[in-house]
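Paired with chain B in one complex and with chain C in the other, chain A is shared by the two complexes that follow.
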Partner chain A sequence: MEILVIQVLNSLFYAAVLFLIAAGLSLIFGVMGIVNMAHGSFYALGAYVTAWSAAAAAGVMPPAALFIFLPLGAIAVAVIGLAIEPTLIRPFYRRPEEYQLLVTFGLLLVLEDAIRLVWGGTPRTASGLVDSLGLLQIGGLPYPVYNLAMIGVGIAAALGLWAFVYRTRFGVLLRATAQDRRMAAALGIDVGRIYSLAFGLGCFMAGLAGAIVVPSQAAVLGMGVEVIVLSFVVVVIGGLGSLEGALVGALIVSALRTITIQFWEEIELAALYLIAAIVLLILPTGLFGKKA
Partner chain B sequence: MDKEQMHQERRGFLKQFGATMGVAGLGAAGLGTVAGVRTAHAAAPKGNIPDRPIKMGHITFLTGAAELLGGPGQHGHILAQEEINAQGGLLGKRKIETIFADEAAGTDSNVKEFRRMKLSEKIDLFTGVISSGNTPALGPVAEELKVLTLFNDGCTDFLFDKAVPNPKYTFRVTNIQSADGVTAAIGAATHWPKARRIASIQPDYSYGRNVFEHFVLALGKLVPGVEVVSESWPKLGTTDFTSHITKILSAKPDLLVVGVWGGDYVAFYKQALRYGLFDKMKVATTLAFGGYPHAIGKDHPEGVLAGVHANYHFLYPSAERWPINKSFVERYHKRWKEYPSFESDGAYTALYLYKQAVEKANQLVGGWPDDDAIIAMLEGTGINSPAGYLYIRADNHQGYKDAVTGLSKNLPGYDFPVWDTSSIVTIPIRSITAPPNWAKPGQGHNESTAAADWIKKTWPQAKA
Partner chain C sequence: MSAPQAPSLARRAAAAAAVLAALLFVPVVAGTYQTQLLTYGLTLGIAALGFNLLLGYSGLLSFGHSAFFGAGAYAVALMMRYLGVTSMELFILGGIAFSAVLAALFGVVCVRHTRIFFAILTLALSQVLWTLAYKFFWITGGTDGLRVPFSKLTLLGGQVAFPGADAFAKFITAYYYYVLAAFCVCVALMWLIVHSPFGKTLQAIRDNETRARFLGVRIWRYRWLAFLVSGIFTGVAGSLWVPLNGLTTPDVLYWPQSGKIVFFAVLGGFRNFTGPIVGAVIFNYLEVYAVAVTEYWQITLGVILIALVTFLPSGVVGSAARLSARLKRRREASP
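Now for the complex of A and B:
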């Protein structure tokens, strides 16, 4: 029984991380029409920035205060995203999609190398944050309270994003731009600014995912490439460009992953791709994607 | 049973392999040339030596999670290169120039890059390579293009069992892969002879499969009634292990064998620690201490069998018994401000092995020796490397040295865990690898490796 409870929690924690990444990926695609191959690298950046700043401050701040570096890590990634969008992405909006894929893939490689150049090859960690919250006993097995808290952050982020997109004026502008960029521009919306902010918001989400992951795991080279593949499976299942899709897709992928690991690990990846293939065959735009 | 009696029993158990526990372990000292700056005293080169540089290609992981292994390897190579060049180069004349490339580009790209290095850069020697997925692809190319090749790692048995069964140009310096799982099994059986219920977590590719197979096979022979109760196969690059850990806990094993390595291992142990895994079972790893030594934090639990790919840990052989290692570690630390790993030793020793063969061949034939002469001097040769005595078997061009493993412990003076000196198990490599000319897979047996067949047929079965 305690195993079941912990596996459900494991699955929810992983789903929270996947959702944050996939939601950003979907948001950027939905608004800007760009498939951002480098999105996983922004996730890795969030992890590295958070681990690095938390380690630097560990001596002078109490452990509980280090939690400030989780949102700060995400904000730092958003700022980097806001700088990259106008310089690197914007010149390619009018080009065919393959150029956008190439430039974001190039960005992925550049960011991977930049991370190694700045932080070196040794994994970075911030385990102090996990330890500061202590452990919960579930039927005699310990479970970190931190992971529970981060499931809460995932839920809060999902609600916050929903409210932001559907309940604010900026959300209306965002959706208008996503639906018809030219009409939005004709109505006087500063589409360039919307694009920048959407990209920054997407990067913030990815950075936040990296920030919440790093205390419980570690920031390692290649982590961005590892996660981007699963994030694409999430958005393929949920529907590229849909936030609800990212949420449902993340829950499905994470639950399926945990179930296969527990019972039949050899088919873990096969099962994920199989589900993605079945969804594509029956609903080519994903569960929540817009019909073409 | 009191502690002393238990200790005696363990030593008795180890005796069947000629193995030892504690600092005493160090195989027979070698006959070959001493690696390091001392070789300056070699006999003066004979004949006319050209002074154009020797070109080397070195492919290793410079990015990705495996940089944790590739980085130290590159550092070892550069240190040896700088030392040799400071003495005027090979045979006092030929400076070494190395072209590096990133192994993370993938097997196909590595093969292309290797060809490019030979065909357009005209390399004289190829070194490096970490992944067992890559050496079986690069070995045949080395033979085809006739490039003298000293692989650093990529230690799969498959390379010399199947991919290049009759090597001429291909050699490999670090221990063969099957020795890794077997070493972990002997280490586990020594320290925890009562463990019966085994769980396993391995990266899902050839390395993990090899470790699992040979660990279970060897432990099954050493300990009666061994049973595998749980298998986990995360793919390489996994960082979320929580579901795997919970699954392992649910199987209630006595012992967990871990082949997960590099950045993956760091993420694994951090999560396993907070999930209480280390309190519930013994843990035997094959590569926990395989990357940069400082990659593992002080929060790493003590008493974990911390594998080094059955090759080398920088504190052993100890300074008193093996000054070569002490001197190597000092020079390495001075150059890189970090401690060496087994990959550092492998890459460093590979260059000195080449240097030694070139010098010997020069004494025989004069001038710059051709590859055939160098190869003849590499086959069956030995060298005193930082890790101990290394010899290159003539039949399969594989490097062999005593296998080591030990239990993790936090000692003052280091920012990272090292080995508990009294726990180190040293095993003569001939006790755990198939002897020369043992039938290869497909020649009378269909085991995955010659080692597996040899263990099945010759090791006695322990009785309850």
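Now for the complex of A and C:
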């Protein structure tokens, strides 16, 4: 029973991380129609920036204050995203999809090596953050409070994003631009600014995912390349461009992953990829996607 | 594809013969290392040729061709390890069989979609293979991979073997000609395919799917066949590549390998028959020298890729063709 509770909590923690990444990916696709292959690298960037800054400040700041580096890491990634969108991505909105995929694939290669150039090949952690919150006893088994807090962050991020997209003026502009770019531009919306901000927001979410992961597991090279295929699986199951889909997809994928790891570890990822392929076959637009 | 003054068939044949003649002399003038590099380039060229039947001629961007390349490579390694096969001809047949089965299966699923969904489907399916090769280590060797030492290999029905410690140079020379022959066969076959009614139909579907459907073309069947042929060519490339590399690891099935194959096509120019082949050969040199010069070779390749898609979308070959056409027009304009 305790094991089950812990597995459910683990699954929810993982779902929170996956949701943050996939929601950003889906947001960028929904608004500008770009599938960002480099999205996983923004997640890795968030993890590295957070681990590095938290480690640098660990001597001078109390452990509890180090939590400020989680949002700071995400903001750093958002700033990088805001710089990249107008310079690299913007020339490609009117070009065929293969070029859009390729330019973001090029960006992925650059970002992966840039991380190696700046932080080297040794794994980086910020495990002090997990220790500072201590452990909780669940039926006699210790469980880090940090994970529970981050499940909370995931829920807060989902609610915040929903409110932002559906309840603010900017959200209205965002959805209008996503639906009909030319009409939005004709009505006087600064489409370029909306695109930049949407890309920045997507990068912020990916960076936040990296930031909340790095205290519980180390930032390593290749983590972004590994996660991107999994977040494709999430958005394919949920529906490309749908935020609700990203949430449901993340919950499904992390639950499936927990179950397969428990019972047949070898087929963990293979099962997930196969399920994504089957969903695409039966429901091309996913569970929540709009009809093309 | 606006090429009204395309070179005539005779001129193309003459150019191809000249290139082939030059290629025949490479092992004579160049050292073992350069010959080996070019052999790598030629095997990758076959993969690019297969890939481009989908991207260039069918308009389908596959991000999962590592699956077929890896299938060809693993077919060789598994046959050598578990069946004790040493003949390269049998390896190629095995690679063709393995990649054909795989492409037939994947194709049924993938050709129902186009554009971004096609790319993601091929990506997801290829990664199924990657995780299997990675996780079922007692069969595939896991991350250590499987060795395919050239000393165990025989060519031409067992007539040519490479025993002894100093056989490497001999192997490279012989294997270069072997790969070159396979390469010529593949190029000729693909040329026939894309200029056949089948190839023309694929291009018609690419350019206007609705119109092709109204003309009674069975779109999925054509796309499936293209997928199958494309997968087999890439599988053959993987089979030829693995004895050269001496080892196959799950990395050849990992999705960045698919990205590299896409890179070949874009580098050379995928709206062009020779583009992807030239792209593969150039990419091979680029990668080898970038790795030799700097530890950060990925950044170099990434910058080149971004620059290419931004400034030279028709690739090296496409841009060169356009440049020479412009020069020719200028010469004709001025008396």
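Here, the second predicted complex is superposed on the first by the 292 of 292 C-alpha atoms of A that agree within 3 Å, B and C clash if a C-alpha of one lies under 4 Å from a C-alpha of the other, contacts with A are read in each partner's own complex, and residues count from 1 in each chain.
The rule is short, and it goes like this: a residue touches a chain if its C-beta (ideal position, glycine included) is under 8 Å from a C-beta of that chain, and two chains touch if they have at least 3 such contacts.
Remember, it's a predicted structure, so these values are computed and weren't measured experimentally.
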item: Chain C versus chain B on the shared chain A, clash or fit after superposition; value: clash
item: First (chain B), second (chain C), both or neither touched by A:Leu141; value: first
item: Which of chain B and chain C A:Ala270 touches, first, second, both or neither; value: second
item: Which superposed partner A:Val225 touches (first chain B, second chain C, both, neither); value: both
item: Partner chain(s) touched by A:Glu112 [first = chain B, second = chain C, both, neither]; value: both
item: Touched partner set for A:Leu88, first chain B, second chain C, both or neither; value: second
item: Partner chain in contact with A:Val236 - chain B first, chain C second, else both or neither; value: second
item: Partner chain in contact with A:Glu98 - chain B first, chain C second, else both or neither; value: second
item: Chain B versus chain C as contact partner of A:Val248, first or second or both or neither; value: neither
item: Contacts of A:Leu281 with chain B and chain C, given as first, second, both or neither; value: second
item: 74-82, 128-136 or 380-388: stretch of chain B that collides with chain C; value: 128-136
item: Chain C-contacting residues of chain A that also contact chain B; value: 112-113, 116, 225, 265-266, 268-269
item: Touch list for chain A against partner chain B, complex; value: 3, 6-7, 10-11, 13-14, 17, 112-113, 116, 121-123, 125, 127, 130-131, 135, 141-144, 147, 213, 216-218, 220-223, 225-226, 257-258, 261-262, 265-266, 268-269
item: Chain C residues within the chain A interface of the complex; value: 55, 61, 63, 109, 112-113, 115-117, 119-121, 123-125, 127-128, 131-132, 135-136, 255-256, 259, 262-263, 266, 296-299, 301-306, 309-310, 313
item: Residues on chain A engaged by chain C in the complex (per definition of touch); value: 35, 88, 91-92, 95, 97-99, 101-103, 105-114, 116-117, 225, 229, 232-233, 236, 240, 265-270, 273-274, 276-277, 280-281, 284
item: Residues of chain B defined as touching chain A within the complex; value: 62-65, 67-68, 71, 104, 204, 231-235, 237-244, 246-247, 249-250, 262-264, 266-267, 270-271, 274-276, 292, 294-295, 297, 299
